[in-house]
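Letters are used for the chains, namely A, B and C, taken in the order the chains are written, and counting of residues starts over at 1 for each.
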Amino acid sequence: MTDFGLADPFVGIMHGVVLCRCREARVVDLCHGIEPQSVLEARFWLERSYEWFPPGTIHVAVVDPGVGTDRRALVVEASGHRFVAPDNGLLEGIVTGDDSARVFAVDPARLRLQVTSRTFHGRDVFAPTAAELASGRASAEDVGPVVASMATLDAPVARDVEGGVEGRVVTIDRFGNLITNVEAAQAARLEAPVVVVGNHELPLVGTYGEASPGSLLALVNSFGTVEIAERNGNAGKTLGIGRGATLLVREARRQRT
Amino acid sequence: MTDFGLADPFVGIMHGVVLCRCREARVVDLCHGIEPQSVLEARFWLERSYEWFPPGTIHVAVVDPGVGTDRRALVVEASGHRFVAPDNGLLEGIVTGDDSARVFAVDPARLRLQVTSRTFHGRDVFAPTAAELASGRASAEDVGPVVASMATLDAPVARDVEGGVEGRVVTIDRFGNLITNVEAAQAARLEAPVVVVGNHELPLVGTYGEASPGSLLALVNSFGTVEIAERNGNAGKTLGIGRGATLLVREARRQRT
Amino acid sequence: MTDFGLADPFVGIMHGVVLCRCREARVVDLCHGIEPQSVLEARFWLERSYEWFPPGTIHVAVVDPGVGTDRRALVVEASGHRFVAPDNGLLEGIVTGDDSARVFAVDPARLRLQVTSRTFHGRDVFAPTAAELASGRASAEDVGPVVASMATLDAPVARDVEGGVEGRVVTIDRFGNLITNVEAAQAARLEAPVVVVGNHELPLVGTYGEASPGSLLALVNSFGTVEIAERNGNAGKTLGIGRGATLLVREARRQRT
């Protein structure tokens, strides 16, 4: 996972670097369209994607505004997977999600990495570190010292407010579906929840096809968070909102009788 | 093949799901830029792409506006390949193209699939079904009951009209080439065929390089249909047209003598 | 590497064609977002990417405005790698970079290729040629006759001018970083080099993080050329320039004392 996009050869070169060190590695592109430098979006997707891969998978995530500075490169063992990423909060949720997580800082000298650039550590640090792990030549503790405290990220969390739950749009997919940080469990605590966004009040339905064509709707998506969509349309465009927009999930107003 | 795009992790997760069930599968991305929810475009490309893959290939195509409703998931055996897709017409041409095609409806229980979402059956149904087939644990008839009649799609077909053949632009590629549904054989029945689009009349040439730079042209493309292009340019932008636009292929007007 | 993009199935079909002829091939997508028909950009990236792949890798590069004309298809052996591309200058730098490079023209009959189209030689010529090489059934000299002289490309080279080095923007990445053809060594010959672009004069720093957020900077990138960037921003948008724009790298003006 990177924010490099696929138009340029950056991702392809990372594949090449892995194959140079571990010819038998299976390499899968999770996604490379993370909003440039959005550690927040990368973190959201990584936390919700990794468990769909086989246990033991090595997940390399490079969204790295601090490349070439003294920020560390980390290897994390957690939840039966391994993760390689810069120390900028990207792996914070992965680590807090597993009490027995172990965190190591990559020492390039120990892995004999040639760090020839200060601008492309995907190529010079993260890919070769992953390949050393994949090949079995290095275990997580071989890459460098144990890390006591990691960089943290001020990730917005949906929170209870008077009358409901206030959340944010974390990302928007190709269909214009607005994916939020309101967890299914938060919505489930409300009776007959509705999603308020702008001046719209949207019912929570089960799937896109339950709304009439062209109408806005809300649902719990396949990643367990509330999502705002438009049946056969693009909710982001229709509403004119995107990443960072706020929404309120609250109980439907009772009709007067 | 999907309409998910590659910016988000949806496609990557499908790869992960396949590998969880069939570590030795070779997975190729055919394309993920199908116009959102355009079953028509997906069908066009799938029918013209599958035969370039080895016999026995399992083709997974997810363009699925009805995800989570009661539309079925299908497995088709036809022309020496297997296909996994929603029952929305996507596989109609594949089935009509082979008299001995066999069609089955996926019963998630038979394959022990955990269908945890109503919005991402690429992950929960289509990818794991393909992996069960790829692993050899399931054959096509193992996935569920034989299907007697499939959903159909009102796909526009180029048709003979007074003085020629009327067709439509089905898709437009990255170069702005307008790819139509007029078959080479339909054009070949005409003497000295020309393509009329807007107020342009374009000769059929053999390849892009036969036109002068910047000029519009028509040709029979590598998929056997008529295509409108601009030498070293973008025909879609120049003509201001795209998917669904109509064109006429007719015989060149004789010059008066 | 192609300029086909990934939205349509062209690249996926090339994968299928390779697998038909060489099931065990490992196929990596270097990149497919080369500016349409920009042999110049393809050449720049190929020359700076190939060495990050294992020796013996077969690099297929298809940016091919002359497809279907009499331009030849080439196989080049150079620097321990093999390259398959049209004869349009794409491989010029690869060949001039190795005195012992060997160049062959593909004779489709020798490889028993079915060249069924005049518009998609990625599928009909380049992919199957690469697969024949990958399978070991053909060596480079088996594909066709030795080529004495190749097509050349008028590629702009950064050159010494009064007071510095004048170069050009060759490509722009997803972050808006402007990647130029001024080599690190050219900049290194200057004392306290600065980059002049438009009415901006930018210091050469070591990495993005050394500039203050939102400010423009220049650096030597991971491919050894001068690059213009904006810290946490998009230099291309801020400056309003792109491919082909000129820049001057010169010594900083001394302050009067």
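Couple of notes before you dig in:
In this section, contacts are C-beta pairs under 8 Å (C-beta built on N, C-alpha and C of every residue); 3 or more make two chains touch, one makes a residue touch a chain.
This one's a predicted model, so the numbers in the text were calculated from it and none came from an experiment.
Where subunit A touches subunit B, the two copies mostly use different residue numbers: shared numbers make up under half of all numbers in play.
The rotation that brings the Cα trace of subunit B onto that of subunit C spans 120°, given to the nearest 5. The centroid of the Cα atoms in subunit A and the matching centroid in subunit B are 31 Å apart. In subunit B, the positions touching at least two other chains are 6. Across the interface of their complex, subunit B is touched by residues 3-13, 15-17, 19-20, 23, 27, 36-37, 65-69, 116-120, 123-124 of subunit C. Interface residues of subunit B facing subunit C in the complex, by the touch rule stated above, are 1, 6, 26, 28-33, 45, 48-49, 52-54, 57, 171, 173-175, 206-210, 219, 221-222, 227, 232, 234.
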